[in-house]
Structures are given as C-alpha cells and as structure tokens.
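Notes to accompany the following structure.
Read from first to last, the chains carry the letters A, B and C; within each, the first residue is number 1.
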Amino acid sequence: MKRVDETLKSELGRQGIFTTTLQDLYNWGRTSSLWPLNFGLACCAIEMIATTMARYDLARFGAEVFRPSPRQADLMIVAGTVTKKMAPQVVRLYNQMPEPKYVISMGACAISGGPFKQGYNVLKGIDRYIPVDVYIPGCPPRPEALIEAFMALQKRIDAQQLTGTNRPRHLNADEPSEFAVPQFGAHDLQPAKNPAVWNAPLVQISQTGNDGSGKN
Amino acid sequence: MDLEKIKSEVEANVPGCRLETVANPSPSVQHSLRLDPEHAVAVATFLRDAVGLRFDFCSNVTGIDWPPTEVSQKVKVRRLVEGVEQEVDEVQKTTTPGSIEVVYHLFSIELKHGPLVLRMSTQDRDAGVHLPSLTHVWRSAEFQEREIFDLFGVVFDGHPDLRRLLMWDEFVDHPMRRDYIEPDDFEYEPTAHDEVLRRAQQHQSETRPADEGGIR
Amino acid sequence: MSTAAFPAAVLPTQQIGSEPTSGPSTEQLLELSMGPQHPSTHGVFRMNVVLDGERVVRLKPVFGYLHRNHEKIAESETYLGSMPYTDRLDYICPLTNNWAYALAVEKLAGIQVPERAEYLRVIVGELTRLQNHACLVGFLMQDMGCSGTPLMYAFRQREMVLDLFEALTGARMMCNYMRFGGCRVDLPAGWLDQTKKVLQQFPRFLDEFERLLIGNEILMGRTQGIGVLSKELAVSAGISGPMARASGVDYDIRKVDRYGIYDRFAFRVPLGSHGDVYDRLMIRVLEMRESLGILDQAMRDLPAGPIVDPKTKIRGFRPKPGEAYGRIEAPKGELGFYLISDGSPNPYRYRVRPPSLINLTVLEDLCLGHNVADIVIILGSVDIVLGEVDR
C-alpha cells in the first residue's frame, strides 16, 4: 500500500479538506495514548514516578494514565532489577496485557542485571523471557531518558505499516502473543531462558593475547 | 558495659551455663560472648529482664559461615624404610568440620547502652545445624532467623514459623554459604573478559557447533 | 538479682497453616494475595491475606521479590567497591546508606573523620531525611486515595533537594558520596546559598501541607486509632526510627550514640502517644521541622578544612582482622552494617541490618481486625523500601 502523497495532503489541508489513511489514524491513536502498567520493581521506579510528576510531566506524551491492571495497559515499563523470584510474575503480567503491547526495559538491571549481575537471584535481563522494544541505559536513567524512550517508541509506532512483511508483531497471526512462564526450580528458574526470544550473543573477543590475567 | 562483669553476673544467675568471651582485635573493641546452645534461651531471657542489664532490644541477627578448614601438620613417625626402622616426616591432615555461627547484637532502650554481642555456633554444617530460636525472647529475631534459615541453612528449634524468607520454597541451596555454586547463567556480557569470557566461551562450545561461531 | 516482670515477647498470633480458632467457619474466609504487583505495596511486596468479609484475620508477608544478593556480592567486592551498592539499598535515601557503611568501616579500621566532613555528612544526611519524609507523606496520602496533589507537592520539594544532590555529587539518586574517613568532593561554589533558598521554602511547604491535610476530618477518620502499635511490642520487635517514636519509645540513635557530631546540635526528638497511623504521619512532619533546625545550625557552623582523612588508604585498603557493627539513625530507622574482616581486601562477612524489614515484623499484628483498605495505609505508614527489605 502506498502512503498518501504528502504534498497533496498538505495542499488539501490548506483547502480545508482533511485526508488521512487508516494506517495513519491507527498509528496516531496508538502513539498518543500509550498507557503504561503501574508497575515498579526497584530504584528505577522512583525515577519513573518522578517522570510523571510536575517537573517532567509525562502527561505531555499521553502516557500519564498508569493502569494498575495489565488488562488495561499498552506498555510495560520494566523499571528495576528483575529477580528470579519476580521473573515469572513479570512474564505473567506481560501475557495478561492485550495486544498491541510494548515493553521498555528501563535501566541497567532490566537490560542485563546491571550492577547486580553476579547475583544468584538476579535475572540477567528481562529480554530472556519477553521481547523488548526500547532499552534505556542508566542506573537509574534520568527522567529525561525515560521521556526519550517514550519518544523513540512513538516514532517506532508511527513508522509501522499495517500490511506487508514488516507489519507489527501483533498483526501477524503466526507471532505469539504470550510467552512461556518460567517455573521455580531447585537451583534456578526452569528454563533459564526462552530460546524463542533470546540466545546468548556470540562473544566476539578472541582469546589471542588474552592470558586470562585481565590485561589484553 | 564491662563484658567480664556481665559474664560473671549471668553465670551467677543461670546455673550450668558455659560462657566464653571472644576478643575482637579491631579498633571497634566490640568483644562478644559465646553462649552454649542448651542454655541460650535462659541466658537471653536473663539478659533481657535483669535490672541493670535490660537488653530489651535485639537489633541485628545474622549468620556467618565458617567452612571446614584443613590443617596440615608435620609429625615424625617411625616406619620401616628399606628394611630399616627410621624416623621420617609425615604430613598429617586434620579437617575441622566447620560451623555456622549466629550473632545477635543487643542494645538496651531503657538504659541506653550496648551493643552486647552474643554468638552461638552449630556443631557442623550438615546434620548438626540446629540452634535454639530466640524469637520467644526478642520478637525482632523472627524474620532475621528465617533469613538465616534460608540463606545459611541453620534450623532454629522452637521458631514459630520457620520457612524460607527470601528465596522461593522449591529452592534447595543455601546461597550465603561460601561453598555455594550459583547457576550457570552468567554467560554473556558485552565486554566480556576473564571469568565471564571463559564461561561464555564454555557455554558456546557446549551449545553451538564450532562452524556456527562457537569457541574459537 | 531479681528478674523484674517485663512484658514477654508477643508472638505471632497465628502460625501459618493453623486455622483461625474463633470466628466464622473457614468456608466463609477469603484468601487474597496482595502483590507483588499491586499499586499500593511500594514495590514488589506481597501479602497473603485471609479475610472474613472485609476484616483481616491473618496476614503473612512474602519477601524476596527484590532480593538482589547485596550481601553475597559484597563478599567478592573490595570495601570501597560496596559503596555504590549501598546507594541502591534504600534507594530513596542513598546518602544515609553511604554514611552508615562508612561509619561501620571507620569503626572497623579505626579511622578518624575531619570536622568539615562530619558537618557535610550531617547536612546531606538531614537533607535526605527531609526528602524521604516528604515522599512518605505524599505516598501515604496517595494510599489513602488522595490521588495526585499531595504526592505532586512532595515531589516538587524532593526535586529541589535532588538538584542539590546532583550539584554536589553528580547524581540525582545514586550519590556514592561518602568515603572512609570523609567525603568524596567538597561543596561547589554557591551550593550553600542554593541550599538556604531551598530550605527557606520548606517550612512553607510544611505549613501548606498541615493546613491542607493534617486537620482534615477524613484523614483523621482514616488514620486515628488504626494500626495501633504498643510500646512494649515495638521494643520487643526491634522497631526503630520514627515508627518506634510514634509509639512513645524514646530512642533516637542521634541522641543515644551521638555518632559524628550530633551532640553539637540542639534538636528535639518528637514522640507520639497513641502509636497509630496518624501519630506515625505526624512524627514525620515534626521530624522534618527538627531537621530544618539541625541544617540551619550545621550550615552556620560549617568549618573550613580538609574533607577526607589524608592517612586513609584508598587503594589496597585492608582493615586488620576483627569485626565491627556501626549504625546510624537513617530516615527509616536503625540502619546498621556488621562487617567482619579477615585481613584481606574484601570483607569476610558483610551484613546490612535493614530497618524496613524489621519494622515489618509487626505488620500482621497491626493489621488484624482492620479492613482491607486499612492494610494499605498501615503499610504506607511503616515506610518501607523494598531494596532494603530484600537487599
């Protein structure tokens, strides 16, 4: 499907005729009312709350309506360290959210375990179980960074096409909308990662010249 | 508060108890009192109630793991060497069973003194990990003893509600013990080096064939 | 020597698994799991509640959803390497966490702190107390259903304090400011004037807040007589900080231990007489006013001089074998660090005495017999931060 010619569209607009496409309308609706799930995990949650407060005013982005129920939310902000004890609940909450749904992985812990990476009870990144749309680095990211993540997500939604091969995940019947919830095991979560979502990236550093002393 | 004075006062009032002062060489000069587990509840009750002591506030309860240590000793033994009895040096190894120590820090709110440090040790780290619970003396020990049960595996006899506090119920290990081996999910870091690099490469060699970019 | 009658420790009213002995048959009871995702649990806290209609007959807290293995990680870090982790314990008040840890290490290694550094510690510590209590007040109002406005007011004040922290330490939240034997950086130019401006506004915020809320009839109805904690139970259960003082326990570590230079300041310790949610709320408001007084005195008397003991080694810091327990009066209560050194660069054992966790010991006792909606405000008045509860 070709998009409407932009010059023609603006010309018509000047004449008082409003034209749009279903795709633009659909994306505009999703972009302008991203309702996040009221869900904070750790330190980053405080910065998330600060973002919604008067100084940073997330309401400008149509995202101030924090929903306590996953059934009413479009966006999950994974704000903080995901522990192994919490991970099944996070996946379950994600599964309960209706499509279309998005995930922002806020802060170093949610991305990779962050400073607590060596911990036995710390999940090394929420993307081992659920797909993540936007990552924000920082420990914790400043409110400006969270706003930047919102804008990145909005741009991404705006650019989506309803048809074709690169249409969004939720319009593709083959793509799953729910992911397996890990179970508590005797030593670790079972499974430790969801291979359909995540595999360990290749470690590209060669061992040449590395005698294991830490000095390359 | 003079620790020797407290010790003699307790010994005079709790018949049969065996106390031992443990010196602390650090500049903090917080010396401690080692209790025998059989009389611990009686001693603790006395310390809480006695006029002039009144340690009514049990601030901190924690565990310390002392793993088994191997002590090598050179001894001279007589033995037949090539038909002649000779005196030879032989290394004898003795292993102490190790123990888990539980430490209580007491203060007095009424008389505003403290800290008094109490210690108790388990017999070993396997079957003899039983200690009496002091939750009935100081309620503040309730959650902290549960935490020690969870992370160190000390069984507090007489505790009203001894369950895991932090880890999930299906978990079998005691992660704060020094010989705990954490699950192998720490295989990837963007700038891997040293131990992480080694583990990531080991992981890849196990899960991916070499021609797909496994270990190189 | 006589053992005078002293109230015995009050034990958990019901054990898990045991059925309530009185009241209606168990068929009428409703089991409710509040959390770990719940808008009023201040993070990932969970309570298993058994209800008879609206009335709570049993409540068991479930912890560990934010257990980040701080103590285990610290055993493989150097002493200084654990300092950034302490920021993330009670992530609303990083500077008092820094202080408690620095104090414990200074006790362990026998380090002296220069006078100017002590003053700086008091200034940032009391600023931390101000913004923590302001946040608590806002969150508690939010829990009561007073959505939006009080929390906005509280965060307006908090952002001003965070600007000061950022100017001083470079970070809004994770300050990592204290060092063994002093502080990391000295005050930037104009910082004290800016602080004075912020503090001048603070009494107005408190006045406004009191006018708006404290005398409010609905607020009194919701909080007075709810979640009463007796003095005896508070002492036995190790309750510390504003929560204990709201029950009339006269114990402030700033007065008792006189750590740092707190004996140089004139301030009062507010005490409550009822021990209910209203008292716990008011104690925080009164403590904010006392903190303002301490800050005025500290900024007036701030001496010149070095901010760190030059004899303290930063690299290769190895305390002699031994142990130490150091504690301060953090905004949430007694925050202590128990360290054991075996002479190596890493602590052999590193233990945090978390006030939030121990203050939750009595949560069930406070909630029994009250309604579900009261659980939320009782929990809010305890003032927990999950990073510290679970560590």
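We adopt the following convention: a contact is a pair of C-beta atoms (placed from the backbone, for glycine too) under 8 Å apart; a residue touches a chain by one contact, two chains touch by 3 or more.
In this text, all values refer to a predicted model and were calculated from it rather than measured experimentally.
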Given subunit B and subunit C, the chains that contact each of them: A
Chain whose average C-alpha position is farthest from subunit C's own: A
For the pairs A-B and A-C, output the one whose chains share more C-beta pairs in contact. A-C
Length of the line joining the C-alpha centres of subunit B and subunit C, rounded to whole Å: 27
Interchain centroid distance [CA atoms averaged], subunit A/subunit B, Å: 42
If you average the CA atoms of subunit A and of subunit C, how far apart do the two points sit, in angstrom? 32
Provide the list of subunit A residues touching at least two other chains, using ranges where the numbers run on. 85, 118, 120-121
Shared-contact residues (touching 2 or more other chains) in subunit C: 64, 67, 69, 72, 390
Hunt down the residues of subunit B that sit against at least two other chains at once, touch-wise. 166-168, 175
Going by the contact rule set out above, which residues of subunit B touch subunit A in the complex? 166-173, 175, 180, 182-183, 185-194, 197-198, 200-201, 203-204, 207, 213, 216
Under the touch definition given earlier, write down the residues of subunit A that touch subunit B in their complex. 85, 112, 117-118, 120-121, 124, 184-188, 192-193, 200-203, 205-207, 210, 212, 214, 216
Interface with subunit B, subunit C side, in the complex: residues 1-4, 6, 8-12, 15-16, 63-64, 67, 69, 71-72, 75, 107-110, 233, 235-240, 249, 251, 256, 319-327, 334, 336, 338, 340-341, 348-349, 351, 353, 357-358, 360-362, 390
So in the complex, the part of subunit A that touches subunit C is made up of which residues? 38-43, 45-47, 49-50, 53-55, 66, 68, 70, 80-81, 83, 85-86, 89, 93, 115-116, 118-122, 139-140, 142
Across the complex, what residues on subunit C touch subunit A? 36-39, 43-44, 64-70, 72-73, 76, 84-85, 88, 91-92, 151-152, 155-156, 158-159, 172-174, 386-387, 390
